[in-house]
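What follows is a group of structures, each given as structure tokens.
Presented sequentially are two complexes of subunit A, the first with subunit B as partner and the second with subunit C.
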Partner chain A sequence: MVKKYGLSAVAMAAALCLSFPGLAQDIWIGLSAEPSTLDPQARDDGSERAVSDNVYEALMARNAQGELIPGLAAAEPVQVDETTWEFKLREGISFHNGEPFNADAVVYSVNRVIAPEFNSEQLSYYASINGAEAVDEYTVRITTSGADPILPSRMYWMKMVPPAYGEDPQFAAAPVGTGPYKFSGWMRGSEIILEANADYWDGEPEIDLVHYRFIAEPGARLAGLMSGELDVITNLLPEFVDVVPNAVTVEGLETSVIVLSTENPVTGIPEVRQALNIAIDRNSLAENVFGGYAQPARGQLVNPAAFGFNEALEAYPYDPEGARALIESSGAAGQTITLLGQAGRWLKDREQLEAVAAYWQATGLNVNVEIDEWGAYLTRLFDPANRPDAVLAVNSDEVLDADRPLSWAYQMGEGASSNADAELAEWISQARMETDVETRAQLYGEITQHVYDGNYAVPLLNMQDIYGVSGRMEWQPRVDAKLIVKEMSVNE
Partner chain B sequence: MGSYIVRRLWQGILVVLAVTTIVFVVTRLVGNPVDIMLPLSATTEQRAAFAHQIGLDRPILEQFGTFVWDAIHLDFGDSLWQRRAAMEVVLERLPNTLLLLVSGIGTAIVLSLPLGTIAALRPGGIVDRLIVGLGLLGLSLPQFWVGLMLIITFSVVFGLLPTSGIGTPAHIILPSIAMALPSLARLSMLVRSAMLDELNKQYIQTARAKGMPLHRIVTVHGFRNILAGFLTMSGWEVIYALAGFSVVVETVFAWPGLGQTALQAIQRSDLFLLQAIVFCVAILIVLINLALDIIYKLVDPRIDLN
Partner chain C sequence: MSLDIAAPAARRPFARTGRLLLEIWHDRSAAFGLSVIVVILFCAVFAPWVAPYDPGAQDLGARLVPPFWLERGSLAHILGTDHLGRDILSRIIHGSRASLLVAASVVLIAGTFGTIMGLWAGFRGGRTDSVIMRIVDIQVALPALLLILLVISVVGPGIATMIVVLSIANWMVYARLVRSIVLSVRQLEYIEAAEMIGCRPGRVVFSHLLPNLISPLLTLAILEFTNIILAEAALSFLGLGVQPPATSWGLDVANGKDYLFVAWWLVTFPGLCISITVIAINLLANWVRVTTDPQEREKRYARHRAGRRRQAARQPVGGQQ
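Presenting the complex of A and B:
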């Protein structure tokens, strides 16, 4: 690609072409934020992952359809007993700096991320893991505190780092992994460059150099794509889809939901909560607010691609008359409820908030919409004693498992949950520990049905991820929203 | 003058202390930093552990004591967001903002003198109306919108300049223009009205009457007398930009400066980074003010600094 500005850039590009026999294939990716660090185990940061997902690998991976497959592991792990899993590793793989990838590296990686003093933000994904030990050079056992059926999914999240270099102070600034791309440079504030790893165990990738740029403003990102400076941009706004050369979408990981407080006077009435659910025309929300780039949530917060998704549930029906009748018969007509939300934190958050408020207002309730600054919002969301009647939040289900969204939104005493259903809390804990896959799926089926019937929350939409792509790129994004450059190609 | 500078520096230290104390208190009043730092779905247990880790579970006075003690040693702790020394982040971004300031506000300062003067020479003339009209436009168009329009015109449609980012000299042109416009408008209006006042004074009339050429009247008498006011306003433009007005331009053009970093630190509730940024900006502003005072004295010896 020849950048359109500056004669010197053109001259340089020409000089580069002359000095190299084949044309080096570069692509430019525009992210909405700069990675906070390139230590793949420290933070829970989507921009960091966008880069690290190409440098590092985990024991497990997912194919483009989202199914769990072995990554650095040679095969699916075997469960030795209730709390021990055994992984056989691929042999002959080394880190970019030459350190071998073996059982010691896995043990180091596991123990590093779970160490309390390391204070990883990813700890919530690995809370059940006790430690790891090497059996032989290519066999590792990972132990959990209780039964943990989704350990393989957790290991899809945990990136493997080199034991010697991992202790180097430079590690977070100049990463070394086993992945298809090697770290090449980081100009803080402006660019990160990765280069193809010619020795990658699964074949050398097609694109030689990847440049990541950080552009917070959606309009500026779009301009970068339109001017030909960028090949892929993330978080394209739905209204820009028709403008860009190419837009690709994939079912995303985010679901918007309104958690209702079952302990407050008005929202404590089950009929009122039911009315709040059926008062909303989710199809219209998806169509008008998101331009069709979202689907009505199927009556649950669990992502459709996640383990524990209840296939039997359908989206709450849209029945404005029924909702009005319920509000009337429950004696709540004219009462005021508070709906708390955000503006600008999540895609179209304010628009969803206002649309929902209008639907609810139409049932005969008075809806008081409040938008707080993020810190103040979180304080109210996490305060069980002074919970607003309804809080809109967007949950992102990176691990693709029902446990986190369910415990966060429904388990008494956790995160955003706002009910006093001790039995439900017990169920959620039980499902977390259940090792039998069938039984576990069945438990989630019951839990999701229970919260559906009890209307503990108002699931709204499953949002799609939209990427803007230049005309020369060929790429199909993945269900797990990872930007895997090895899966991209350029046709020129 | 020496004792004056010492006194001003002493006051400056008090100002910096007061500002950082206010930031310390405010960042802890608005919301719980732990909630903001951790993922939305973190468990209650993890929140408590994190609060302990960064010391937020200790009494506020103890936290403040530690903060002051470390700040005296120029240690502002590690940025929670970037996990490296907060001061390192600040010192990395500060030069970018200064570069933008020099090229943006600098252009405004340099251009506003001739523009304002030309307008003042023939008040009500076509050139004057044009400059005043453009000035009003520059003042009333939001910087955000101007920035995007510049990008669309020069980068997307004509493909002449990069849309955003930093690196080559070409990268700085558009952000500088967006940065300069409102300042240029304010400063030229100031020069125009001050110069008009000056040119109507009697000694200027006398100078004209005795046949002194116009360019000498303007440069020797006019400029000299409006300079003090012009410098004050120019200093203010720099201070405005430093104290946060560069955020808009830096965000639109993805310019990795201090303003954008401050915004991100606020969004991520990165207390330690925020404290370091405020500390540095406060020091810079104190120094700029001091420099302005000294320049006054040099420009107009009649000014009594005491």
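Presenting the complex of A and C:
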């Protein structure tokens, strides 16, 4: 009898849910690709992060404005000596499967991601970390190979995983974290579902179910938003801001830049590089191509919200006459330079490439645009032996610190850098190790000025992130571009 | 004496072309197809003189200007401007070069190679047939994009590479079609008769088998032509084909599709060019198919005569009233 009533109660609840879908607050988020895995430490995959950021947490977090705050750590870490940082942990937190979150879990997570045999794609974020050891149940010490002033920022990127379940082969398909949402299901090829974690330490989130759909075509994502099928889409084109029910924007982390080779025949001439920088009307690019949803980069690759941003620098001026005169006087007129890029990966990448090529062509140079398929492009972008004359890339400054963009674009032999300035490389290494905040900021000031004067690169635009959201959503996007569902709410 | 013989021989080709043109002129749809093709070819060849602007000349301040008959549109840009403020009409005119060159070359190369392979396989049969058709099966099973990426990563992008690569990826369909037709036609008596009286294989293949293939091959080639234009677009968009500032119809469609909701003209006009070209070729090819097939030709002639007779029968009635 009781069983019978129970069943009918379930049936009635189900019927209610069906007839009033607004009661169970579900939202649908459109992703451009299906996550390759849900192991939060294995890949460097934006789609995986979009899901994992709600399931997992890290020791440090950022508020919506991008300031570093304690996450699973109880307070800001303390630097015990030059190479050791001590974190106190929040107590009483457990993973979704009941495993306690404690110092052992942190030690396990750190050692797992830096283990060479694990071969994580995120390793470049943690290159300086040597290991971790537990002091007591809620205290951990993390050691670095040299002084590493931005270790707290790095720990914002490293997600904490459960030690016992982390060894389970199921871990990558059915994740278990400490975050506000629990994994509920993954229908391969169609959607991933998360459900609210009622026991979340910082209060139960408002939205009950999150559905992630994978739609590769931007047009199809837009159509999904317009038809009410999706609630949140990313990378909305500025042209559609007025078309969608609601669009929200935030200053993003992405800066587009063209790295110039100082060693190749034509771009090796300093006047030519200067001409390439002043030939571009960045204001027009930002206002027209991006509809105002981008700002001209202020003469540097460092994000305005990041540590090490040089306030003294201004955007390169637009001076087409001066550029033409410089090309003429340096004897480069009529010579050919190659501009390498790719299409479809970043917002308006092809448009920026074609627009820059046209500006450069107008200086009297002959610009040979090469758009490569993504894989071939990456190979050439990172090939230290054959540097392209000019290569367009978009740098995303996730750690919000000058070190990553500067070493990536300028440090000799690293990343996509195309210069042979050994002194500059030495400076960048020095700044990375400098523990005194004042001295470090000053060093970055000198470095950014040096590369500005040498025109080692052509910083283009700081791009805003534009999200399309449905009319019923209330949400303010974050500087770090994370889709934190806990911060969203539905208004019905 | 010798002059008398030479003169008609020299005049004959012109006479034949004239007759053909006259024949096309009688078929209205074929005449329309031919004139569209002539106009498009003219534009492609003389693009720099026909186009009002440089197709790469950008004006970021005047981007996404609609065609002249809409509000905000102007006669300076008859078909409007694209997302970088470039004149769409000029881009279409210049884009026709790459589109037509790639599509025509690929259909020609892949068609010729595939036909030869199919003829060879179907005519020789046995082990030759098995080997060739297994190669076809293997290549059909191999993802074309993978093959294309492989070749392009070795050779480097460009129009010539793209023609070669698309030819390699598209010959199989011709080989299959041709082989199946050859297998059925081979059984016919007149082929057997030709072989009996001692015709060499080459003669049997080219003067007895090949004419049977013209109409199905034409139909297939036209279908493929459209496919190639679109394949060229997809490859160029990924950066494997036409590189900016050069453009093609397909590439402009691919570039413009993100803007479809706010600026339909970016996609519509180059897309329309593709459609019109394909329709024009279709109409002309239909006429060629009928003309090359003796039975169809007779039917057409009969229809033509019947039409004349009906007209003639109606005329006196009209005259009496």
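In the analysis below, the second predicted complex is superposed on the first by the 470 of 492 C-alpha atoms of A that agree within 3 Å, B and C clash if a C-alpha of one lies under 4 Å from a C-alpha of the other, contacts with A are read in each partner's own complex, and residues count from 1 in each chain.
The criterion applied here is as follows: a contact is a pair of C-beta atoms (placed from the backbone, for glycine too) under 8 Å apart; a residue touches a chain by one contact, two chains touch by 3 or more.
This structure is a prediction, so every number in the text was calculated from the model and none was measured.
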Which superposed partner A:N288 touches (first subunit B, second subunit C, both, neither): second
Touching partner for A:S124 - first (subunit B), second (subunit C), both, neither: first
Contacts of A:A376 with subunit B and subunit C, given as first, second, both or neither: both
First, second, both or neither for A:E328, with subunit B first and subunit C second: neither
Which of subunit B and subunit C A:A355 touches, first, second, both or neither: second
Touched partner set for A:E487, first subunit B, second subunit C, both or neither: neither
Which of subunit B and subunit C A:G219 touches, first, second, both or neither: both
Partner contacting more residues of subunit A (subunit B vs subunit C): B
Contacts of A:S190 with subunit B and subunit C, given as first, second, both or neither: first
Which superposed partner A:E133 touches (first subunit B, second subunit C, both, neither): neither
Set intersection of subunit A contacts, subunit C complex versus subunit B complex: 219, 373, 375-377
Residue ranges of subunit B touching subunit A (in the complex, touch as defined): 30-33, 35-44, 46-47, 49-50, 53, 81-84, 92-93, 96, 148, 151-152, 155-156, 159-168, 170, 251-254, 256, 260, 264, 267, 269
Residue ranges of subunit C touching subunit A (in the complex, touch as defined): 56-58, 60-61, 63-64, 83-85, 149, 152-153, 157, 237-240, 243-245, 255, 257-263
Complex contact set, residues of subunit A against subunit B: 3-6, 8-9, 33-34, 36-37, 39, 42-44, 116, 119, 121, 123-124, 127, 172-173, 187-191, 213-217, 219-220, 223-224, 226-229, 373-379, 381-382, 393, 395-396, 404-405, 407-408, 413-416
Subunit A residues within the subunit C interface of the complex: 218-219, 222, 237, 239-240, 243, 281, 284-285, 288-289, 341-344, 350-351, 353-355, 357-358, 361, 368-373, 375-377
